[in-house]
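Here is the structure we will look at.
Chain nomenclature is as follows: A, B, C and D, assigned in order of appearance, with residue numbering initiated at 1 for each chain independently.
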Amino acid sequence: MQLGLIGLGKMGNNMRDRIRAAGHEVIGFDPRPEVTDVESLQALADRLDGPRVVWIMVPAGDPTRDTVVELAGILSEGDLVIDGGNSKYTDDQPNADLLAEHGIGYLDCGVSGGIWGKENGYGLMVGGSPADVATAMPIFDALRPEGPREDGFAHAGPVGAGHYAKMIHNGIEYGLMHAYAEGYEILTAEPLIENVPETLRAWSKGTVVRSWLLDLLIKALEEDPGLAEITGYTDDSGEGRWTVEEAIRHSVPAHVISSALFARFGSRQQDSPAMKAVSALRNQFGGHAVQKSD
Amino acid sequence: MQLGLIGLGKMGNNMRDRIRAAGHEVIGFDPRPEVTDVESLQALADRLDGPRVVWIMVPAGDPTRDTVVELAGILSEGDLVIDGGNSKYTDDQPNADLLAEHGIGYLDCGVSGGIWGKENGYGLMVGGSPADVATAMPIFDALRPEGPREDGFAHAGPVGAGHYAKMIHNGIEYGLMHAYAEGYEILTAEPLIENVPETLRAWSKGTVVRSWLLDLLIKALEEDPGLAEITGYTDDSGEGRWTVEEAIRHSVPAHVISSALFARFGSRQQDSPAMKAVSALRNQFGGHAVQKSD
Amino acid sequence: MQLGLIGLGKMGNNMRDRIRAAGHEVIGFDPRPEVTDVESLQALADRLDGPRVVWIMVPAGDPTRDTVVELAGILSEGDLVIDGGNSKYTDDQPNADLLAEHGIGYLDCGVSGGIWGKENGYGLMVGGSPADVATAMPIFDALRPEGPREDGFAHAGPVGAGHYAKMIHNGIEYGLMHAYAEGYEILTAEPLIENVPETLRAWSKGTVVRSWLLDLLIKALEEDPGLAEITGYTDDSGEGRWTVEEAIRHSVPAHVISSALFARFGSRQQDSPAMKAVSALRNQFGGHAVQKSD
Amino acid sequence: MQLGLIGLGKMGNNMRDRIRAAGHEVIGFDPRPEVTDVESLQALADRLDGPRVVWIMVPAGDPTRDTVVELAGILSEGDLVIDGGNSKYTDDQPNADLLAEHGIGYLDCGVSGGIWGKENGYGLMVGGSPADVATAMPIFDALRPEGPREDGFAHAGPVGAGHYAKMIHNGIEYGLMHAYAEGYEILTAEPLIENVPETLRAWSKGTVVRSWLLDLLIKALEEDPGLAEITGYTDDSGEGRWTVEEAIRHSVPAHVISSALFARFGSRQQDSPAMKAVSALRNQFGGHAVQKSD
């Protein structure tokens, strides 16, 4: 089938390749002339036979909203828009409502797999109507990994459910990474462990903690022994924050995911006002030494 | 080669099968007549040609120590004892020292893989001397998963390193399980997600969070939808506590692993004295309602 | 001076008494005839000489907003409205904007002190313009504790700052209470400590941890030894959640306050889906026993 | 009465002054000639009439143990030794046992109050026999704050109970300080709050969060606005670690106190191996940028 694909960055570009490799026709649009197939969203729409399916793969927030607004004016009744970016789930219903005013369908699709998805396939979580899901299924089948559909694709619920599931997926990801990270740090601190990377590698098969993330940690340590080339400064792209906010909204104790999120915040602080306060207090009541700033 | 195997419980029994399937001769001892191959430790020793290799697979603490003490009186110079149980790493050096007085070698081996290890192989982390490791390598090769040795076996360091690595492995396991568990709880609380098990299953392939533990969670939810048949009461067997104690000893911030450990403690409380205190305080200063006990 | 006071619940009633005791004239309105001084908001406005000062002390959210909307239609240019409830700080600017359309001033005032404030005075944190603060200062002086004004009153910033400060005050309160609560629970678990209440009481003077909350905990334990009459079920009224959301918005690691919040969530769960998942996983990989639900 | 006081550091020196001011005779010993009253422990013992009471106020661990051992050889049957330092509670019974072999009594006394105790009095928690407590009561009365004895003194239980209570007191202290610290950090990050120190000072009276630690934080901010002169590097002296270990031993969820402890560990890390691992993982799966080390 045909697909219009808007946004040909790191993810979109790989997805175009994978969908084409499955035998579909993909018309890609991107503002960068060197990667785009067409000059404009209008040109993209003109190149597709109706009813059209258009996949948005641009940054969450304003860029995605702006694209939806523009598509609402370009596409026709019966067309279908899929937001495959990392949008917040609360953005989905407003987008769906706007498009519905023009008779255009809407699906939200959480996409996991990062830069490896082109080769391994992507895990997909979709929200929207069953009819719209059926329309786009050939594309989902092209993107998801080989094997049973259910292992890499779920129709999680109505509009918003796809991004909701992806948000929680990423929240879990924060916790998983931090669990390995804490264990790694303890191992590096312990003289008995003479070779940390080899010890981690021995967990690759058979053990309870084996996972793809563990494989990647082993790979990272092979490429940069001791992780000497990087600092611990770690960004976050929003889903971890949203997951904790959802935990609060649903009154779910989320000690682990919030701890992993807060550790990232801490990694970006040159000096912590909170710890200055603690240090100042110790000095006040106990005369304990403080470290003077330069 | 020949192996003496002491302890034929859930783990030991499976391991005997796997080692025998690899072509080795295993003489097993267990106090339960229905599973044992010999009547006593002395009989086990008599059945083995020297230099003997004897693997202990009994509960950590006193049972393991008692077995080591008994073996010190039965085995001969040049023999080798391997503790494959979940012993605390601080038990290893005293055991090694006692055996060394009789010229008997000692290895500690962390074994991961649970009840699936018989089929999939076990991840192994070993502490001890290179010579002793070489002696036992055919057994390690029989127990570990197929494929490159390094993916399921590591000689982590001197005596104690094997159990140290296994302890941290289990600490990480606490964090991993709890990250999935928190995400699972949020998903179950959110009406948008119409089918939680299908959503989790869609993460099986391609996603960043794919892992064996995730596979097991999906399986558990298939076998007991909504986990309706069980409560949240969750035991712990020590390694999580030890991991947090090691984090404290090495001044490593272990927010995630400790949170997972404390959540288990909480799961076993009928009512929490700490929360009673908070509730009482709210009543004191704000006149907020408290829940009366029956 | 004259003050109109809307809302004569637990807090409002006490505040009316304290302000009157300071020599001011307070006209109170409440829908309950047994406590109100006037029959309606209009009647309240009629009883006050202009420029009027009206203090709102009703539940946060819709009740407060509805009162502001009604006052916007009743009051006159030059009057002043103060929201002294536990409103979310993001409600303040919209309220101020609506009133400003009618030339009516607005202050938000965080009030701390609970049911003891009538006697001890209330800690006050105010947001708004210096001119409006000056207008209401006699009332603030009546409400705050004896002694230097700065020890119980702050003009924290523009509109919103008062409720922001109160929100953080309450977030800190969560952490403080939980720190005492954890210590209390450990003490009750330790056989060496033969008399927990006496031990806590010995911290009342001289120690680093002395505080009003500690005094209240000692009092609660005197009134209900062992806190035997209550359960640990603990509600929350919003400020703790908002504080953690603010921590997320400002990228502040808030391990302690979030832990205290999550512990309250946990106290209200009959059974935790997350812990069920952990227990199910342990059973899956290790054959560990689970507790069957009835 | 007479008291021998060993250790005239920051704490011991102040305590000597306070006990003398209460009318008792204090013979102090310290290796530093400029502060000591006698030349040796033997000289100290010689200066006291029997039955002697000797208070040890030296660093925990070896220095305290060494002093106890030496006193066991110098003192006589019927004398009494009090360890008022920050010893781990598990050190107490061995010290008591050693002294008991010579007929010498033993009390452990947790002392809180820091450098302010000389003026305000010290909170005291004591472990040991009622008879020994009665012997030393005049000294306890001299050290504790004015007012009812129960507000600043408790006989918490048998040998070890005093240091146990002090350990938990300090663990709570970690949590309290960190709760204020997190709130302080959020306030400093929020533009609405134009004057953080004034806002905190307004909590001094009447509020739920008023405490001595809050008073000290206000004082610290007055002396060093913005805490500009210090870094967040914060040491710990052991009691926080022990408290978390006790929580683990008693299966008490201690999310708050452990978080406060781990935050101190984090404050001392130039770069965190754990966060390096997280950053490396994000780069591996998502191609997310890492920060290169110099």
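Please note the rule applied: a residue touches a chain if its C-beta (ideal position, glycine included) is under 8 Å from a C-beta of that chain, and two chains touch if they have at least 3 such contacts.
By chain, UniProt protein names: A, B, C, D = Decarboxylating 6-phosphogluconate dehydrogenase.
Note that this is a predicted model, so its numbers are computed, not measured.
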item	value
Greatest separation from subunit B - chain, by CA centre	C
Same-interface partner of C-D, chosen from the options A-B, B-C or B-D, over half of the pairs matching	A-B
Subunit A and subunit C, separation of their C-alpha mean positions in angstrom	38
Centroid spacing, where centroids are CA-atom means, of subunit A and subunit D in whole angstrom	47
Centre-to-centre distance between subunit B and subunit A (centres being mean Cα positions), rounded to whole Å	33
Per-residue multi-chain contacts in subunit A, two or more chains	114, 178, 180, 182, 185, 189, 208, 212-213, 247, 251-255, 259-260, 262-263, 266, 272, 274, 285-286
Touching residues (chain side subunit A, partner subunit B) in the complex	89, 112-114, 117, 120-125, 127, 144-147, 150-158, 160-161, 164-165, 168-176, 178-180, 182-183, 185-187, 189-190, 192-195, 198-199, 201-214, 243, 246-247, 250-257, 259-260, 262-263
List of subunit C residues in touch with subunit B within their complex	10, 114-116, 177-178, 180-182, 184-185, 188-189, 212-213, 216-217, 219-221, 224, 227-235, 237, 255, 259-260, 263-264, 266-267, 271-293
Subunit A contact footprint on subunit C (complex, rising order)	208, 241, 244-245, 247-248, 251-255, 258-259, 261-263, 265-266, 268-269, 272, 274, 285-286
